[in-house]
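For clarity, chains are labelled A, B, C and D in written order, and residue numbers in each chain start from 1.
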C-alpha cells in the first residue's frame, strides 16, 4: 500500500499525471476514488475488496474524465485486459494513460467483504486465474501473492448445463432471466460496452424489445453476449452489479469457451493481439455447416 | 405516406399454372400502403412495362414491387422502366415467385400462400427503400500490367497503342517469359524468338510504356479507377543509366558455372549475366547468391573479386545498390504472370505434388522435361540447336516422349488437362525428326487433344508424315541399363506390356501457376482456385475479369493456355481496360455502406472485417478545429457492398444502402404470425 | 396457433441467404424444376457477412419454427471473406443459443453454391423435416404470454 | 523397456524361421519386448479377399481385435503379405464405417475400436533409427547391399499411410546406412519376385528372380536385403534352379533386414539363423561375425 501511495504521490507531484484513479476506504467497503492532489494519495488502498474494474471509467463515452488531465489508473491483471481491449478498439490511446499494475492474488466477491481471502471466500472468477500481475503496465506495485486453483464453480456450472437437454436449459434460463428488469446495470458497468447508442436503445428498427418480458430479456442477453464474444475479459462486474442476481457470467463464459476452443483466443492484455472478431482462418472449424 | 404498386406476373403459364396470380394481387391490395395491385400475363413485355410506368405516373407511386421472376433475371428491366417513369430505380424491387415458388411447388394452395408471403416481404421492404444515386468515381487512366511474358507484352502494347499509359512489371531481369525459351511454335513451326523479339523491342521503345524489369509488386491499395501500387525494383547491382550493355562484365566474371535458369539448367551462365542475348532490357544483373563478392560479404569477409567492375568502362557496376520502392497510380490492373512447369515431385515443398519416383527425373540425367527439350532444339540453346543428350552429349537415336506428367491425375494433385502438351509433344517429335533424320520418336499418350485451328492436322502430320510412333498407354518405370534407358509401359490398344530402349526420355509436365501467385492474388484481392489459377469472374461471359473490379486476367495464370489463347486474352483485357478508360468518371451501384457519424463509437470492428479495406478513419472536429472524435468512414469507391461491417457493428452505426437493418427487419416482421 | 386441430403441423422456416451463391442456387433449383417443401421464405441479402444474429432472434420472435442461413462455400465468397466472418459469428451464436435452450436443430447453416440447386432442395427438405419433428416453437412464442416474473422470484431468489 | 505387438504369421513359424529368430534377437538387443498376439490366426493371405470382401477384412481384423484387447498400440507384421492384409483391413474399416460395424458383428467384438497401428519392419526400424544407430557394434563397413522392397512393403500408399515414397522409396537404404553398409543404386528394387506363383509357375519365378539378382550384381551389390519371407524364399531357395537354367551365375546371398541389422549389432550368426539359408551367407558373416563373436 505504501508503495502504491508513494508512486501515486510522485506521479502527481512531478506532474506526469493529473489524476490517479484507484480505490479508497468508503463507508461500505472499498470504492473508486479520483485522486487529484499529491497529499490525497494517502487515501488510496489496495486489498481484496478492490473488486471494481476501473477501466470502465476510461471509456470516452463516460464523461467522468473530461478535464481531469492525464490519468494514471490502477489495474489488476483482469482490469489491464479491459484496458488492452479499449486500446485495441481505439477508445484509449496507450500514451494517454499511465497504468499502475497491482499484483493480485484474487479478490473477494464484494467490496464490502469482511472475510479474509481464502479458497472458500475468493470471488469465483478468480479461481483458476493464471495472472498474478499485469503485463500491460507502466509500473507494477504490491506484494506477490499466490492465486487460487480452478476450476471456478461457474465453469463447472456451464459444463453441468451443457449436459442437460435443450428444454431443461431453456427452463433454467427462463427462470433466471425472468428476474431481469432491464436496468442495464450490466451494460453500464462493463468496460467494453462503450457504444454511443446501444442497440437496445435503438427504435428503428427495434431489435431488442425494451419491455422486461421473456422475449425482450432473451434478445437483450443474446445480443450482449454476442457483442462481448472475443472481447469479454471476465472481470465479473456485470454479474456483481446485477440486482436480480442473474448468473450473467455463465453466458459470457459459454461464449468464451466457444471462442477459446474454436479460435484459440483467450483474453489478453496485449493490445496487439487481434480480436477473434474481425479475423478468420480458412481452416476455422465448420462441422455445424451443411 | 407510402404509395406502393404491386405488379403480379403470370409469366405465361410459368407462374400462373401453380400460383393464383389474381389472388396474390388481391391479397396484396389490402396491405397498408399498397394503392395499386394488378396481375398481368407478361409483365416484362412492352405492355407490361407500360402498365408499371403508367401506374407510377397516374397513382404517384413511391415504390414498386414486381412479383415475377428472379431479380437476377429482370431487376434491371423493371428498374429501368421505373426510372423511365420518373421513379428512382432503387425504389423498385422484385418478388421472386417463379424460381423460388411456382417452379418448385405443385400444390396450388401452398404455392399461392407462399407467393403472397414473398410479395408481402418485398412490399414491406420497399416501403423503407430510399432513393439512391449511382456513385461516380474518377478514373486514373493508366494501367498496370503484371508479367512480361507474351500475354503481358500483348496487353501492354494494345493498351499503349490505344493511347493510354502502361506500367509493365516483370520479376525476371528480362521480359519475354517462357515464349522466349521456346524453339519453334506449333502449329506453324515458326521460330519463337523471331516473332517475339520485335514485340519485346516495341515494348521497350514505346513512349507510353514504362518497363520495370527485375521488379515485383509489393502492395496494392485502392480500387477500380484508383489503384496505388508499390513496386519493388530489385537491386541489379548495375546502374541502368550508365550501362551500355557491352557485356564486358559478363565476360570478366570468374564464376561461370552457375546453372542458367533460361537454359533450364542445361547451360551455364556467369554470376553477372544477361539471361539471353535478345534480353530486354539488355542489362546485366548480379546474382548475389552466386557472386563471390556478395558471398564473401555474407560471411563478413572483405571484397576480393571486383572483376566485373574493373572490366566496366562506364563505372556502371554498383555493389551497394539497394532495392527501391516506387509508387504508381493506375486505374486498372492486368494480371499476366504466366505459368511454371510441374516439378515432377522435386522441390515443391508441397505434399500433394509428389510422385513419379519411378521415372527417375532428377537422378537419370537423360530424363528431361519439355521445356528442357525446347532449349536443346533451340538454335540459340546450349547445344546450338543440336539434339544431344545431357549425360554424354551423344545424339539420341531413340527418344521417348511421355504425355500427361502430372496432368489429369488427381493423385498428383492436378486433375486438369494442361492443354498445351499434346501439341508441343507433336511439335517435339517433328523438330527431332528434322534434326535427327534416322531417329525414332515414340510418344506415350492418354488421349490426343488437338482442338484448335490447324492443330489436329498438325498432330496427324507428326504421326503420318514425320513417322512419330504413338502408343496409347502409360509408362510404369524407367531405369538405366548401361548407356540406355529402359522404358517399361503398357500399350492399352493392343493390350500388351512394352519394354523399349531409349536414349532420351522427355516428360511433358503439367502446367502450374507461377509460385507466389497466391500472395499476389491476395494483394489484389482476387480469388483463385485450389491450384492457384486466378478465377475469372464468369467462366463464359466474363472470361478476363476477376472478382475484383478493375483487375483483369490474361494468359496462363488463369488456366493452361497456349500462345494464341494468351494473346487473345491479352487483347481482350486491353479492350476491357480501354473501355474502362473511355470516360473520366465511373458509375457504381450505390449498394455501399454509410457510417452514421453521430453514433459511431470508433471501435473499428468494421475496419477489421472489411474484405476490401474500404473503412478509413475520419476525424470529427469541433468548431475550434480540434479533433473531438475519430469515426469510421466507408470509402464508397472501395466498398463493394457485402455488409459484413453492419452485421459486426455492435451499435449498427453503419448501414448498407439497399439492405438496411430497417428494410430487413420489416421483411422479417412481414413473415410474422 | 396450437389450436390447429387435425391439420398437420407445417413448420414456418425463414431463410437468410446470400445473393450470389445460395439465392442463385435456389434460382437454379427453380429453373431445374426441383420440387421441394413450400415452408421456406427466403430473405435475400448480399452476403452471409451481412446476416446479423439478431435477424434470427427476430425471426423466432415473429413465429418462425426454424431458420436457415446459407451462403457461398469457403473461398467462393463474392466478397472474398464475408462468409468466413459469418462462419465465426454463427459458430458462436449457435452454441450460445443452444446454451440458452434453443434446440440447434431449429437452425440450419449451409454452404450452397450457385451451381448447387439440388443441394438447396436437400437443405430445404432436410430442415423442414427436422423442424417438423421438433414441433412448433411454442416455447418462444409463449415468452410474452406467460408472465413469469412474480412467480419465479418467489421461488428462486435465495435468502 | 518398450513393448511392441507381434504378428508372426505362418511363414515365420515355418519356412522363414530365421526371420523370426533374427527379429526377436534384434528387438531384444534394442530393448524392445516383443509380445505375440495371443491365439493369432491366418491373415487371409492372398486367398481370403478373393473369397469376399467381408472375409478378407474380418480375418485380419480378428487379429487386430485381439491385439487391441491385449492393450497393444502397434503391431509389427514382419511378413510383407501379412502386413499388407492387416494394414488393408485396418484401412478399409477406417474408410467404411458400415463395413467396420459388420466386422464387429461377425467377430462378436462390439468394443473393437480399430485403434491398432500396423507396421512392417521398415517402419519399426526407421521409427527407432537413432536407437538402432547407437546400438551398432560392428559397422558393416564397405558392405555393398541391394535393398529389395518387392511389391507390398511400401504400396499401396493409401494402405501404408505413405510412410515412404511408393515409387522411389528410401527407408531401407536409410536403415542400411545407419548400420554402416553402403546401399547401391539399382533398378529392380520394386520388381515382383513372383510371390505366390512360386509353386504354381516356378519358371516365371525363376525368370523374375534371376533378373532381380543379376541387376543387383550388376550394380555391384554383394548381398541382397529383403524384409519379406516370400521374397526371401523366391530369391534364396530358387537360386539353384536359376543356375540350373543358366539364368544366374554364382551365388548371391539374400539376407533379411533383421539378420543384417543383427550382424551390425554384434549378434552371433547362429542366433540370427544365418545357417538356415540355401545360399551360404559366409561371404558376409566371415567379414563381420569375427568381430561379432567377441561381443556376442
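The rule is simple: a contact is a pair of C-beta atoms (placed from the backbone, for glycine too) under 8 Å apart; a residue touches a chain by one contact, two chains touch by 3 or more.
Quick caveat: nothing in here was measured; it's all calculated off a predicted structure.
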Of all chains, the one whose CA centroid lies most distant from that of chain C is D
Ranking A-B and B-D by C-beta pairs in contact puts on top A-B
When the centre of a chain is set as the mean of its C-alpha atoms, what distance in Å lies between chain A and chain B?
48
Just give me the whole-number Å value for how far the CA centre of chain B lies from that of chain D.
51
Chain centre separation in whole Å, for chain C relative to chain B (CA means):
36
At what distance in angstrom does the C-alpha mean of chain C lie from that of chain A?
33
For chain B, give me the residues that contact two or more of the other chains.
609, 648, 661, 665
Of all residues in chain A, the ones touching two or more other chains:
199, 207, 277-278
Which chains touch, pair by pair?
A-B, A-C, B-C, B-D
Across the complex, what residues on chain B touch chain A?
598-605, 607-609, 629-630, 648, 650-653, 661-662, 665-666
In their shared complex, chain B is touched by residues of chain C numbered 1, 12, 14, 23-24, 26-31, 33-36, 38, 41-47, 49-53, 55, 58-59, 62-64, 75-82, 85-86, 89, 121, 141
Please name which positions on chain A make contact with chain B in the complex.
60-61, 89-91, 194-199, 202, 204-205, 207, 227, 274-275, 277-279
Partner chain A, residues of chain C touching it in the complex
53-54, 57-58, 61, 74-75, 81, 84-85, 87-104, 108-111, 123, 126, 139-140, 142-144, 146-149, 152-153, 155-158
Once bound in the complex, which stretches of chain B touch chain C?
70-72, 96, 98-101, 103-107, 110-111, 113-114, 117-118, 121, 525, 527, 530, 547, 591, 609, 611-612, 640-644, 646-648, 656, 659, 661, 664-665, 667-669, 671-673
